[in-house]
Amino acid sequence: GPRMTFGPNDEGALQLDYKGQFQMTLRDNGSGDNNEDTTMNFNFRRNRLALMGKYGDMMSIYVQTEYTDDPNVTPLDVARENQGSNFQLLDAVVRFKIDNAFRVNVGKFKYNLSRENLEACEMPLTLDRSLFIRVPFTTTRDTGVAVWGNLFNDMFQYRLDAMEGRKALSGDATPASKFRYSARAHVTLLDPENDYGYKGTYLGKKKVATFGAAYQFEPDVAYGNTVLKTDKKDYKAWTFDGFVEYPVEGMGTFTASGAYEKIDLDHAYLGDNPDFNVVGINGEKNGYYVKAGYMLPNIPLQLFVRHEDWKFANLNGIYNQRIFWTGGGMNYYLRDQNLKLTFEANSTGFRYGSGTSADETEDFMTYVTQLQVIF
Amino acid sequence: GPRMTFGPNDEGALQLDYKGQFQMTLRDNGSGDNNEDTTMNFNFRRNRLALMGKYGDMMSIYVQTEYTDDPNVTPLDVARENQGSNFQLLDAVVRFKIDNAFRVNVGKFKYNLSRENLEACEMPLTLDRSLFIRVPFTTTRDTGVAVWGNLFNDMFQYRLDAMEGRKALSGDATPASKFRYSARAHVTLLDPENDYGYKGTYLGKKKVATFGAAYQFEPDVAYGNTVLKTDKKDYKAWTFDGFVEYPVEGMGTFTASGAYEKIDLDHAYLGDNPDFNVVGINGEKNGYYVKAGYMLPNIPLQLFVRHEDWKFANLNGIYNQRIFWTGGGMNYYLRDQNLKLTFEANSTGFRYGSGTSADETEDFMTYVTQLQVIF
Amino acid sequence: GPRMTFGPNDEGALQLDYKGQFQMTLRDNGSGDNNEDTTMNFNFRRNRLALMGKYGDMMSIYVQTEYTDDPNVTPLDVARENQGSNFQLLDAVVRFKIDNAFRVNVGKFKYNLSRENLEACEMPLTLDRSLFIRVPFTTTRDTGVAVWGNLFNDMFQYRLDAMEGRKALSGDATPASKFRYSARAHVTLLDPENDYGYKGTYLGKKKVATFGAAYQFEPDVAYGNTVLKTDKKDYKAWTFDGFVEYPVEGMGTFTASGAYEKIDLDHAYLGDNPDFNVVGINGEKNGYYVKAGYMLPNIPLQLFVRHEDWKFANLNGIYNQRIFWTGGGMNYYLRDQNLKLTFEANSTGFRYGSGTSADETEDFMTYVTQLQVIF
């Protein structure tokens, strides 16, 4: 979109962008008789308006809306009723750059845990980030304050934040209304990754090797017993991750990345009447992803594969359920990330259960064709 | 609104508009004792922000928000409780013009059935489009892909689309999650209508005579028996329409238009426990509208009348109910469609029922004064 | 934000702004055991995108969105469950200036009752406006038409409006769907306040002394007996207010302001089954605020205090409850109102009740640190 300047000496600038990811999804179950028929769906995965601004050298803002419209086809099933529409301010952050080694973010923005959640939504390597990497009691963003910076000639980056975490609520719902704290650091060799946001691929324009780790915690986040309002549980999470991308003259660009993440809710799911949110896809769990890509040297085509393995404390009533997720596909960059066509096929498998739709443990395939536009 | 350019050679352009239709409505029933007292209401009929962009000659986008705030005064009654507010992305479409005869739309936009639904919302002939022309299981827009083009020196236009139709849902709600398909064609004599959107009037700037027809279908859209999950029903619809506008030197501009539309849900309403959505104002029905306008030659005043006759499979519990709707009024164009004042009086009549508010079949009058601003 | 021009002679202009108020709140109750533990919260108080436009000298528009995200920490308690997110068009108004003495506003905008509600949201003297000044059945804005103007060399201003008030609803909910009418006038000495919006402080750039009063009424707004649908009650409100700001060379700027407001619902709360909305924080009540500020002469620091005393017909089940609210703090203007840091400590006290969290009458302290950005 256009970039407009303002202020007495044009020290202000504001750019307005539209960003859409439109998908056609086919899944070989989820609908019809016993939910074992094919599901066909057109929908937006992302549908956004973004304002990026700066004022002078020290201050910038990033404000972005997101619109969802009946996201009925979910990672593990198809909904029974329309999920409704939602228009939200996904990001609204003011960033102050006091120094390359000392920057401050204030507002609503991505917290500092997993690398993949911090990778730009429109610049993943595969179709999308992991479906299983989200933390409990918030989404991909949170509200609060972060301090971060690059040290040692940009080879080292630190990040510290205090965020809302679980939203403040009365004692009827949660044992306390406290903040959530994160710490993350990385070492980045070759060309540095020195921004707040990472990318899933640099399309061969950078040589990158980055290794990071993060820890997050929030005390007294949930009751193990919501009826008696006892058995206070803490939330802790940690992750480590690696990312390497290397373009080779005449051969193409090779990318490999992986991460492990553990979400610990202090075994709250074993309580007598645990909080509903300590289990399920965003509850207590641990797992990893690995992904790899290869971009051709002369045509803007990138092939990719991804594998994930996750263990959930309790998923749809099955304790210690495991999910194996494997996918592969390709990105065709018509105008870099501004106009991109992606195809991905992926399979979702369940370790335990009947293997049928009766307890939602039937293995299934999903095929997604996506048009991405950044305008 | 302003038009901003961007890109290395200014091949990109983006325009930002606000569009509002603010209405004062008086209706001679709906409130108070037995709901037979007058209802007075101020509200927006449309309240939108629009981004129109292009990049080079082949690609353009159209992104538009819509905001509604307690639309309590509905076509047939006044609500018992506040309907709430809703902010949505009404349109979000990327358009590719490969050739005048081959264009592709991808995203959320108007599907190809009735002409009047495809007429620009801010350029109707009468106060608004028909209140009874909507199709089941979606709104005025849908998500998907359309292919269209103009042939034979723009005298013929074809349109084909595959859209979401009823949103993908599990077998608990609907017999299948399939796409909805439409085909539409028109013949346009004199000055051609060769855009995707039609207009309700060209304000005397064009001589137009266009005749079109369309067909739409979606298999397995609803259960005739939602309890047993049996009796799968298809959706089919067809329409034909005509539009003529002719400015006569010194005499003014004459406009006449009409359409017939049939919404067929395979008599699902006769099933034992039919899906709730197969009846009512957007369920199985057929009917027509005719409308005519006359714009004065020297002052920007346009007089209009409209008549409609619709038969509903089941409306508020009355089978084969018919509605007669007749209205008339005027548009005063202060700055063409950018600043327009409209007044319309209309009457809504019911064929069957007690003719009282007890079964919502009391005939009523509605008087609307509207200020339209496109900024 | 940037200001863009358009139109054949650049008679159009449109400015796009982001406005955020991000708060860190600590309150010494509301959470945990018996809701008597400290509540910690990060959230936006305001989070807005605004479009301000004009076309020629006579017509302008103001369109503004507001986004709220789980506003769980309310004036008097902390919610038991997440309050959800809401994106809305807060303002959408077209303004016509026929003459300085005759202007017309059409759309959604602030109605004409209390001065403080009409003070710009980003330019208060204290942290925010009164928490107790809202009227029943609408928010800080309403939809309708206002006529206003300045007379006698801007020393006198009148305002008249007809607004929606309680939204149109059927007789099941309210005795009638009528409009709400307001009249407001002020006398402004020294430098005139001649805009539609007031400010809470002019930061020493203006010498102001303004005294105003207003009256508002809406007939048949609620049932005193919602079961029998009888006992129709009217809404009436009146207020008077004063504002003085005076910069003294070398000494700094002194500000003092106060208002009294009475919300009268004809004692509907004494009915047998009164409408739910006639009581509580926005129901029948009366009270006042006084506030004062002092801005230092050479550094952009402003100290402020505020005191309020309100009597509620029925608050959380306690008849004739009174609230004493006292606060103080400071604004530090880094770039006037465009970048401002505010700290406020305030205490909320209850006259009647057990003084414990059991009936929500425990006195409490709230500490808010706020970063305001207008970009």
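Quick notes
Think of it as A, B and C in the order they're written, each chain with its own count starting at 1.
Everything that follows uses one rule, which is that contacts are C-beta pairs under 8 Å (C-beta built on N, C-alpha and C of every residue); 3 or more make two chains touch, one makes a residue touch a chain.
Please read all numbers here as calculations on a predicted model, not as lab measurements.
Taken as a contact graph, with one node per protein chain and an edge wherever two chains touch, the assembly is complete, since every chain touches every other chain.
Between subunit A and subunit B the CA-based rotation angle works out to 120°, given as a multiple of 5.
Both subunit A and subunit C derive from one sequence, and where they touch, under half of the residue numbers involved are common to the two copies.
Put simply, the C-alpha centre of subunit A and that of subunit C have 38 angstrom between them. For subunit C, the set of residues touching two or more other chains reads 4, 16, 87. Residues 4-6, 12-14, 16, 51, 53, 55, 59, 61, 63, 65, 86-89, 92, 94, 106-108, 143-145, 162-164, 167-179, 220 of subunit C are the ones touching subunit B in the complex.
Interface residues of subunit A, counted against subunit B in their complex, comprise 1-4, 16, 18, 20, 22, 24, 30-35, 37-44, 47, 49, 67, 69-70, 72-73, 77-82, 85, 87, 339, 371, 373, 375.
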